[in-house]
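Dropping the structures in below, format is structure tokens.
Same chain, two partners: subunit A is paired with subunit B first, then with subunit C.
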Partner chain A sequence: MRPVAGAAPLEAVSPPEPIRPASPKARRRREALEGYLFLCPALVIIGLFYVYPALYSFYVSLFRWEVVQEAFVGLRNYAHLLHDPDFGHSMLLSIVYVAGSVPIEIAIGLALALLLHQGLRARAFFRLLYFLPYITSQVALSLVWGWIFNAQYGVANAVLRLVHLPPQGWLLANNGASSVWQVASGGHLHAPDAAPPSLALASIMLVTVWFYVGFHTVVYLSGLSAIPTEVTEAARIDGAAGFSLFRYITFPLLTPTTYFLLIIATIGAMTSFNIVYILGGGGVQAGCGGNPLETTKVAALFIFDRFWCQTELGYASAAAFVLSLVILALTVLNVRAVGRRVAFAD
Partner chain B sequence: MPTKRLRRPLLYVTMTVAGVLMAFPFVWMVLTSLKSESEATIFPPHLLPQSWLFGNYLQAWRSAPFARYFVNSGIIAIGQTALGLSTSALAAYALARMRVPGKRVIFGILIATLMIPPEATLIPNYITIQRLHWYDTYFALIIPFGASVLSIFLLRQAFLQVPHELYEAAVLDGCSHARYLAQIVLPLSRSAVAVVGLLTFIRGWNDFQWPLIVTSSESVRPVQVGLSIFQSDVSTQFQLLMAGTMMAVIPILLLFLIAQRQLVQGISRAGLR
Partner chain C sequence: MVRFRLTSLGMVLLLAACGAQPNSSTASTAAPEEAVTITFWHGQSGVLGQRLQALVDQFNSTHKIHVNASFEGSYTSGQLQQKIVAAIQAGTPPDLAQVPGPADAAQFVKANAVTPVQQFVDSPDGFSASQLKDFYGPFLDDNRLVVKGKKELVSWPLSKSVSVLYYNPTIVQQAGVSSPPRTWDQFQQDLLAVKRSTSAVPLEWTPDLYYFWAAYMRGNGGDILSGSLDKAAFNNDKGIAALQYEANLVLSDKTAVVTKGFDWQNDFANGKVAYSVSTSVSLPYIEQAMPASGKFQIGEASLPAGSVKAGNTLFGNNLLIFNKAPQNHQRAAWLFMKWLTDTDQTVAWALASGYLPLRTSGLNSPTYQQKVAADPRLSVPLAAVSSGAEGVQASADWNKIQPILNDMVIAALAGRKTPQQAVSDAADKVNTILSGY
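The block that comes next holds the complex of A and B.
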């Protein structure tokens, strides 16, 4: 087999046919060259569209860059960000969004995985059902959720009606979700009305949980099946059962999975765009025509708005860079908080 | 603690309740898509349509260039899959089986790129596309996704499973790396190749933010972006909107039903989000 076109450099090192048994050194050099050739297409694309932009985004952030590159402004975009209440608010909303969706989706995912792991007959069917949202289009299904939460005709308000609760604005509700819990609890729960999340953001969290629960279930299931049965059997013989078996045996053995899911889900939710974009404008997409709701403008939407709608590429890049740093910090925090226990579990 | 006899039914009930909650948006999408306009907008809503209007799908299909959107999405998803599989398979093979100096470093850098959040690359990539004059072309939609670290990682794992003795035997017969990859490694790793291909296709079909930014005309716009425009067009005709969303979801649903076992296993192993 001769190398195909574009492999000209190889001809230089390998003698033309007939192939003489090459010296080991020449053969090794040939293999290395061929290896780089194999790596080349992937590395060019990943370099151009992943590595280079990650560095270039910092460069862009040092300029006033509106549609085209303008004056070098040093770190002034960052100084500006520090005093931009909109940006601070969007970062806060992102963190609220993460805190209100990630732990819940992981907990429900774990619970469903534990139930499915009991060896039900219809296990494959349920797994399929729970997993379905994860692979379907977030745009399409977010539009469906927008319809479910429709303030006028939505089925969510019909459910509230069934249990004799007042209808809600859902995605249109700019006020605190806490006020709803207050009504639902008959006035027992008190929280400041303006405290995030708004009911709109809380609805979006619910949708997020729905999208990702099945993913966590599936990953936990594969974690559960990796636990050797001898371990659980031995624990059973020693008298562990039910919750104590879970608390002292199963859950500690699952820490690597939990750790992994926590990191993946936190990064995913910090950068979540599609769901919030489609639902964040009060049931219609946020778009550029003035977002009616400021309480759903998470960091990804803030960046998109500055970049796409205001065409402030430099400023938006600075915001994206800060977001990346925050994500990195959260990851390190996760590693610190949970990582130590992973070593123990292994 | 419930007795043994009670436990099983209780389990099934819990699972079923969760299943109903998970499936409800899909069911509601289908049911709404078959209602008349006046029936879709009554409160409280009926569960089932009074008459099942399958014509809504035809009407939705006609009220936006869905045919064009579908062709575009197909071209984009298939293009990304074909290109992504080729580049990733070559790279994965080099990393798994070839003696390439510095390949550990290369692999480390590749894995590190997984930490880069999409927001950080969005703006520079947009600038790159403008400079390459690729804005509003299929190139902009396909090439940036023409290689993926995750695909390389998954394929590398699979290629490492192929026994090395096979390679030694093949090499003695004068087989080149390219031929060995194409005729022995890929066929032996076909389930991993299928998973990677399906994942790439699904991501390509469902992707939204990037095509939203780099397309401006119907001729290349994929169905997800088309759907978001369709929403503003039909605004209050929810039965049409639901028919549109259903159409955008059907290809992936079918694909998933056909290949669900491989996909679920592949995704749980890859840990995508």
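The block that comes next holds the complex of A and C.
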């Protein structure tokens, strides 16, 4: 290029450095950093409201702690828990509560989902109807059920009287649920048999099943929708129908959903509080933390009672920690027993 | 010369000030009121909350001190207690709070969270010995706890009630019973008479350790805990006999029906029940539950007596000052408490709430006497107080002991354990708690 007259001479400019692509390691580091930054808000919330309280609760459990912190006792609270028949009884009631409600609510949820999956008319209406309890306040529902089960004025006993059956104590009945057909007078305490669940706990389990069935139904409906139609069509061509189709195709392909629901429902039942507190104890009706004879005092209610009613903060924190270990053990059991049997369509 | 006279005058005034009686409560020796705002947590909801607020508003309009009163949860179900515990943990307790009784006060004393009111009682703002005598002795005793080896007034009474026996006069007359039972044996016979002669339920109530295991036992000279509050004192023939008596009513005589919470009130109000046991505050609630067509005059009597006395139990709530409050707030809280329990106010609160007037001058006031003349039942609970009512023992572990004793009662009434076994098991658990495992 010819220089323009009078213009300053052009300086030689060295060519720009070629852009080197980032090394895979650097790129991965940057992507990981971006990922962590996006996770930060959630991690902060989980850390503040879950992890920190759990760790602090363990700290509290190492002390004799009533209204204020007292002496350091190490693991003495845990040692006392192991020998506390009330805590053992509460854990047993929790296991009974889980065993008596979780399988039933999952089974009914599956049955309802299968019916709704048939392409019925007003399917959306029924889906809403079954899901309604789940989205309603547990406290409000429990208060209503409390009146339904009221031994003197409740609908439940009114129905029993209508069909000439003896009225029951329901939430007052500390006798075993198996003795429900024995002659008894509503509202009376009478000599119970010892095996749980009591009729009081069984009544609470009934309400629990009714509350959660809708959730299981909706999740199973989603699981059923995810089953590829080609698989079921191929099975029909091979002659499968009705129960055999369900047994060999539908149910195995629903195992991921069942596995998920089993874990969620078990954890939920082990930590269940609202329904049990309102119906089975707590407040003016039945004392601070449990009904008479404590046949409904599941683990969460035991912890509430020891923490708030008896102001044994250290002891209750130890109980909460032990409960979390038991739930962890049950979850691991679920993973080993059921997780391995999970099947997918592809 | 002038300087000498002024100095002499000053010395005279100084000597006069030194000679003033510290216990006199004349306005001239008490410091003037300071304009401060204090927080007051209480557990009265609904109508009682409104009536308490009316008294607070009256105080605020006539004093420099301003009281911010707030309902923080029911005191009967433990909600207020839970709030207070949380506030102490957080270092933000109110200046003044209502507490259920001496056991809760004992817990807060143990946590070093309380300023005992004794210092205010003994101060120029307090009472002379003769003025203190105007208060019913059991109500003040209910607020005395041992602090650093010395028994003193820790809290101050506000709302007091006592366990009483309610009865339906029509039903008991039908059964040929002419007067309320004076002894427990007579009560048992009266219940059998009702069962024989009428279709009513003889006794319906929600049992716990107070109604009426403790009443029976204390009436016969027993007690729940030892005097030093360090071991169970009920694991003996008195404690067993008290439980056996109740169990017999339910399981053998079948004259008693057990209910939950306040369910017994509906049946009693509907004229289906002859006797029930509750506190003196329950009367207006039962009357409210009566159907328009079935109203009747409810009978009220002291619980039957044992060999020593009628073991009526004191209930209600007291007031407590927290030591986190600044000194001037604590004094203001005391002045408010003192005003609230003055003769006119205790009468107003008693008539508004159904609790008892705290002072003899309250009972003898023209206003209250007018009410007693119109309804002689109002004098029954105070007579029960004077015949030896006592509250729960001031053990800081009481909230742990109470559910054990309640379960003991229910286990025996449900036939799950014999009274002897129930008492023995409960005593073991209570002793474990008191030993501070």
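Here is the rule we use: the second predicted complex is superposed on the first by the 275 of 346 C-alpha atoms of A that agree within 3 Å, B and C clash if a C-alpha of one lies under 4 Å from a C-alpha of the other, contacts with A are read in each partner's own complex, and residues count from 1 in each chain.
One rule holds in what follows: a residue touches a chain if its C-beta (ideal position, glycine included) is under 8 Å from a C-beta of that chain, and two chains touch if they have at least 3 such contacts.
Bear in mind the structure is a predicted one, so any value in this text is a computation, not a measurement.
Novice: Once chain A of both complexes is superposed, is A:Phe49 in touch with subunit B (first), subunit C (second), both, or neither?
Specialist: Touch partner of A:Phe49: subunit B, not subunit C.
Novice: Which partner does A:Glu66 reach: the first (subunit B), the second (subunit C), both, or neither?
Specialist: second
Novice: In the superposed arrangement, does A:Cys309 touch subunit B (first), subunit C (second), both or neither?
Specialist: second
Novice: For A:Gln152, decide between first (touching subunit B), second (touching subunit C), both and neither.
Specialist: Once the two structures are laid over each other on A, A:Gln152 reaches both partners.
Novice: Which holds for A:Ser222: it touches subunit B only (first), subunit C only (second), both, or neither?
Specialist: Only subunit B is touched by A:Ser222; subunit C is not.
Novice: Does subunit A have more residues touched by subunit B or by subunit C?
Specialist: Counted on subunit A, the partner with more touching residues turns out to be B.
Novice: Let me test your reading of the model: by the given contact rule, A:Gly214 touches which partner, first (subunit B), second (subunit C), both or neither?
Specialist: The answer is first: A:Gly214 touches subunit B but not subunit C.
Novice: Applying the document's definition of touch, where does A:Leu172 land relative to subunit B and subunit C: first, second, both, or neither?
Specialist: Only subunit C is touched by A:Leu172; subunit B is not.
Novice: For A:His80, is the partner it touches subunit B (first), subunit C (second), both, or none of the two (neither)?
Specialist: Only subunit C; A:His80 stays clear of subunit B.
Novice: Jot down the residues of subunit A that show up as touching in both complexes, subunit B in one and subunit C in the other.
Specialist: 150, 152-153, 284-285, 287, 308
Novice: Please give the residue numbers of subunit C that touch subunit A in the complex, ascending.
Specialist: 74, 76-78, 81-82, 85, 88-89, 107-108, 110-113, 208, 250, 257-263, 266-267, 396, 399-400, 403, 406-407, 410-411, 413-416, 436-437
Novice: Using the touch definition from the top, list the residues of subunit A that touch subunit C in their complex.
Specialist: 64, 66-68, 76, 80, 150-153, 171-172, 174, 187-192, 282-294, 305, 308-312
Novice: For the complex, which residues does subunit A have touching subunit B?
Specialist: Those in contact with subunit B are residues 1, 3-4, 19, 28, 31-32, 34-36, 38-39, 41-43, 45-46, 48-54, 56-57, 60, 112, 115-116, 118, 120, 122, 124, 126-141, 143-145, 147-148, 150, 152-153, 155, 157-158, 161, 210, 212-215, 218-219, 221-222, 242, 260-261, 264-265, 267-268, 270-271, 273-274, 277-278, 284-285, 287, 299-300, 303-304, 307-308, 313, 316-317, 320-321, 323-324, 327-328, 331.
Novice: Under the definition above, what is the set of subunit B residues touching subunit A in their complex?
Specialist: Against subunit A, subunit B makes touches at 1, 11-12, 14-15, 18-19, 21-23, 25-26, 28-29, 32, 40-45, 86-88, 90-91, 93-95, 98-101, 103, 106, 109-110, 113, 115-128, 143-144, 146-149, 152, 174-179, 202, 205-206, 208-209, 213, 224, 227-228, 231-232, 235, 238, 241-242, 245-246, 248-249, 252-253, 256, 260-261, 263-265, 267-269, 271-273.
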